[in-house]
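First the structure, which I've put down as structure tokens, then a few questions once you've had a look.
Every chain is named by a letter (A, B, C, D and E) in the order it is written, and numbering of its residues begins at 1.
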Amino acid sequence: MPSTTNSAAAATRPAMIEARGIVKSFGALRVLDGVSLTLGKGEVVAVIGPSGSGKSTFLRCLNHLETIDAGTVLIEGETLATDEGSGHSRYGSDAEVRRICSKMGMVFQSFNLFPHMTVLQNIIEAPITVKGMARDEILPKAEELLRKVGLLEKRDNYPSRLSGGQKQRVAIARALAMEPDIMLFDEPTSALDPELTGEVLRTMRQLADEHMTMLVVTHEMGFAREVAHRVIFMDQGSIVEEGPAPAFFLAPAHPRTKAFLGQML
Amino acid sequence: MEYALSLVGPLAQGAQVTLTLFFITLGLAVPLGLVLALARVSRWRALSNAVNGYIWLMRGTPLMLQMLFIYFALPFVPVIGVRLPDFPAAVVAFALNYAAYFAEIFRAGILSIDRGQYEGSKVLGMTPLQTLRRIVLPQMVPRILPPLSNETITLVKDTSLIYVLALNDILRVARGIVQRDFTTTPFLVAALFYLLMTLVLTWGFQRLEKHYAKYDQ
Amino acid sequence: GKGEDAPQAAAPAPAVPAKIVVGLDDNFPPMGFRDEKNELVGFDIDMAREAAKRLGIEVEFKPIDWSAKEAELNSKRVDALWNGLTITEERKKNIAFTAPYMENHQIIVVAAASSIQTKAELAGHVVGAQEGSSAVDAIKKEAEVAASLKSLKTFGDNVTALVDLSAGRLDAVVVDEVVGRYLVAKRANDYRVLTDNFGTEDYGVGTRKEDTALNAKLDEVLAAMKQDGTAGRIAMQWFGADIVK
Amino acid sequence: MEYALSLVGPLAQGAQVTLTLFFITLGLAVPLGLVLALARVSRWRALSNAVNGYIWLMRGTPLMLQMLFIYFALPFVPVIGVRLPDFPAAVVAFALNYAAYFAEIFRAGILSIDRGQYEGSKVLGMTPLQTLRRIVLPQMVPRILPPLSNETITLVKDTSLIYVLALNDILRVARGIVQRDFTTTPFLVAALFYLLMTLVLTWGFQRLEKHYAKYDQ
Amino acid sequence: MPSTTNSAAAATRPAMIEARGIVKSFGALRVLDGVSLTLGKGEVVAVIGPSGSGKSTFLRCLNHLETIDAGTVLIEGETLATDEGSGHSRYGSDAEVRRICSKMGMVFQSFNLFPHMTVLQNIIEAPITVKGMARDEILPKAEELLRKVGLLEKRDNYPSRLSGGQKQRVAIARALAMEPDIMLFDEPTSALDPELTGEVLRTMRQLADEHMTMLVVTHEMGFAREVAHRVIFMDQGSIVEEGPAPAFFLAPAHPRTKAFLGQML
């Protein structure tokens, strides 16, 4: 059920994310070796690839959790980082970077919930502190999000009292509470059981219908196949192959992709 | 026993001096220590090194000498030289000295926060200051409570150093009576005063620890 | 610990022990202090050495914290207090004293430029002294002078008090003559000693009340030293004058 | 200047007393503090409470009074009463006192270790002692280095309290020369000595911190 | 390819794990409500179920990470805990419990690697400290295990330098280095991509052939179907349904199981 109308519309307006030639090294290890990607409004793109191929790093470079060594990143037409050929791309002021990055929400592999806050407090913290919303204003919305992820009855628990799956669902609700235009997911379902993966996927599909742009690193081939419009296969810091979701799985072109998909159970 | 009771009055006067110095020092040294700790972990090298030097100087010399310096030598220093009366001189010396110790404790607390917490706050759009206030400080406080309680309790007893400026804290009052009456009872009564003050502090810190334990595993 | 105490406790009036430990404040020039080589020297040291030689006993000097002198004596860690110890009625209740061997005055030191000339002019001024010293007792003994002072500040030592006098926070310092003159001589331009003083006191050697034999022997030997001029010679050496009594 | 140099000899002798007390105290108080910390976090309630009381008593009264007690009053206490010479009395007082402070630091370190580390060790069959030695201590050391350095540096300067037993540590030697020569230069030279000792300690602790930083994020 | 020979053989010898009527509450919350399970030698059992159903807690009760409130646990015929009807089951001495539990290795959802040790040190630590093996003795074995999980070149890295997937593979190697008779896995593949899941599954299958008994909590239905001999479905602290792997997926009997499996993508 991928929709191509959205990606077609993207051509006329500035792309939600436009990354060109991103290079990132950790010491001697070149983790990203010139990665480029354009995301249109409402597009859902899945990133797959073997462990250590740089998927997480790529995501972290898009929202300034890592600074890039070379390349350009534009978010909704605004420049986050420009290549200056000096070994380090140039970023704007801290406030500028924060403003541009605030258009993206992110869900981590390791949750990163705030352990000193209850589930509800985790969700309402940023809307209140960052957006200056009133408690009364955000509360109904937070509860609706908790209901969506099936954790309303855990609203007053602390994260340490939750199972892994529960933690990840809170993390997703927390990111959505900021109403970002773009959502970055780093293996959001890896700690969820199939039942709840289904719930989260429904939520994500709903977001896509509301023109939410999503970039999802995932090991869940089912998700990539069913929900993503486009699939990107990364290996050793480069994009090896990409294509529209069903075609990609039916007829992978590159031998590396073939080998990877062939090993799936 | 009756004698011991007769000592409570004069010693309570000494305790008042002790406690006044204690609370004023705490009120000044804690915020100053936090600012120093932040400067110490900042990426701005010059600032970090300057604070490192300050901490070394303050922890590196006896508080008694610092107090004597501020009292006697500061008036002769150009530009910043002021002639402070005895109690204010003690307050300045104590605050500057303890801020250095608190700074090191706060630094440890700041460094103990998981990197994921900073990343989680950052992607939610929080500024470094908001992250500090809402995420780092609340998580840091329970972790630094034990060393903080150590340092605070040390402060209660360090206040007795103001005897060098001829101020009558509890221990000095006790020593005076010991010499006058040729008996060590005043020391025992003074010890009880200290135990009481420490008991209140320890109790307070343990309540804080319990309070913060609620979200911990 | 008990075994050590036993012989002294068992025999009530024993002979003088073969060795005595003399407790002193080693920061009390010129009575007892450390020279450039970090060795104990001073008037009282020489006096005690001479006395011990005449008694044919060994003497060991043990620096003690002067404010804990009674406890040191009582716990038998020292046998005699010999370091410009002023004889007072209060102390006589707990300590046995020898006959006075020297006279001491509580002098008044003011800044060289000060307008104060007499004891009476101290009224309304801030006066400093060493904590727990006989200067404090001497001031308190003269009740109306004590009452007229703006305040009496007591310091850990005389030097701090004199420095605070230089700093202008004090108007006068009351101090033992022996140490006061020694210190003032080091900075003759800064200080002036008034002719008025807070009275005369006697220095004596303190022992435990039960050690009557030791006390008696010390009295004997001190008298002999005065008689034959030895004490006077020692005084000349440290004070430039024969001030023994 | 020449005068200042002439002070180095006597002050170095004082520094020797200071350093001897410092190292002996450290050598005794650190292991004792670790044992106390383990007792404090143990599930055996009575033990934990007893140690809590001990820590309160030790942190609750001035070290100076504790030293006076061990020196003057302990000989009269039945059963445990011994008459200690001055230096051993100081060592006992310092070790017992500092062990209490170290215990609180170690306890904080022990509590900072993630529960998963204990579970990981347990399912590998490690005994509690092995877990302590191989997993908890090595992870705890880097975290407690800042408060530990605070406390150690405090110890360097606290050693000067032995003046109440009339032992000639560096500060007391300096004070003696100040009395003798009526000049404050000895204090400045003493401050340099302290700065030097602290510099060495700080440098050592920072090397340790760097050493342990290698596996941290 | 499930083999029934192994489970048949188990009937004649003492069961590797025998748990009867395990009850465990956290405060007022009854997380396990009388769970019983018997595992024969060489059997591979998969535990599936929704989040919060008590799967992790059940595993933790088997190796004394949680003490049970009622019920009996026997490991290879030896009593770990006996029900005494007092609200707490009785355990033996600490040394006894440790001896019995040392027959089980465990891999956690959250890795629990030792951060102050390199990958290699993590693996050789327990064999040396607990078993008293010589370094020379364990080293070749540790390297072989690292090769098996594809991380030999990371042997001298610290865990903080590894990606999530890499960490989990080290955790598995570490558990295997102790040569346990039984392996407990709590979602071992949830942080692994399909390619590496395949590698780990091959390792696990090989272990099964060497008569390793395995109890695996997993969200990977593929794994449950292909490798497990038996599948257990837990919900709300009870075992709702169990059966041999292929039959279980083809014809789930209980409506709750049907709903759960139906929601899988």
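Just so it is clear, contacts are C-beta pairs under 8 Å (C-beta built on N, C-alpha and C of every residue); 3 or more make two chains touch, one makes a residue touch a chain.
Computed from a predicted model, the values in this text were never measured in an experiment.
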Starting at subunit C, fewest touch steps before arriving at subunit E: 2
Shared chain contacts [subunit B and subunit C, defined touch]: D
Farthest chain (mean CA position) relative to subunit E: C
Chain of greatest Cα-centre distance to subunit A: C
Subunit C and subunit D, separation of their C-alpha mean positions in angstrom: 37
Separation of subunit A from subunit D, taking each centre as the mean of its C-alpha atoms, in whole Å: 51
Subunit A and subunit C: spacing of chain centres that average the CA atoms, whole Å: 84
Subunit B and subunit D, separation of their C-alpha mean positions in angstrom: 18
Overlap residues in subunit E, where contacts from two or more other chains coincide: 110
For subunit D, residues that touch 2 or more chains besides their own: 68, 72, 184, 217
Multi-chain contact residues (two or more partners), subunit C: 71, 163
Chain-to-chain touches, reported pairwise for every pair that qualifies: A-B, A-E, B-C, B-D, C-D, D-E
Residues of subunit D defined as touching subunit C within the complex: 6, 9-10, 13, 68, 72, 75, 81-83, 163-166, 168, 172-173, 175-182, 184
Of all residues in subunit A, those that touch subunit B in their complex: 63-65, 98, 101-102, 104-106, 108, 110-117, 125-126, 129-130, 158-160, 174-175, 178
Touch list for subunit D against partner subunit E, complex: 114, 116-117, 119-127, 130, 134-135, 138-139, 212, 214-217
Complex interface listing, subunit D residues touching subunit B: 56-57, 59-65, 68, 72-73, 101, 104-105, 107-108, 112, 115, 143-147, 149-151, 153-154, 157, 160, 171, 184, 187, 190-191, 194-195, 197-199, 202, 217
Contact footprint of subunit E on subunit A as seen in their complex: 48-52, 56, 109-110, 163-166, 187, 190-198, 201, 219-223, 226, 260, 263-265
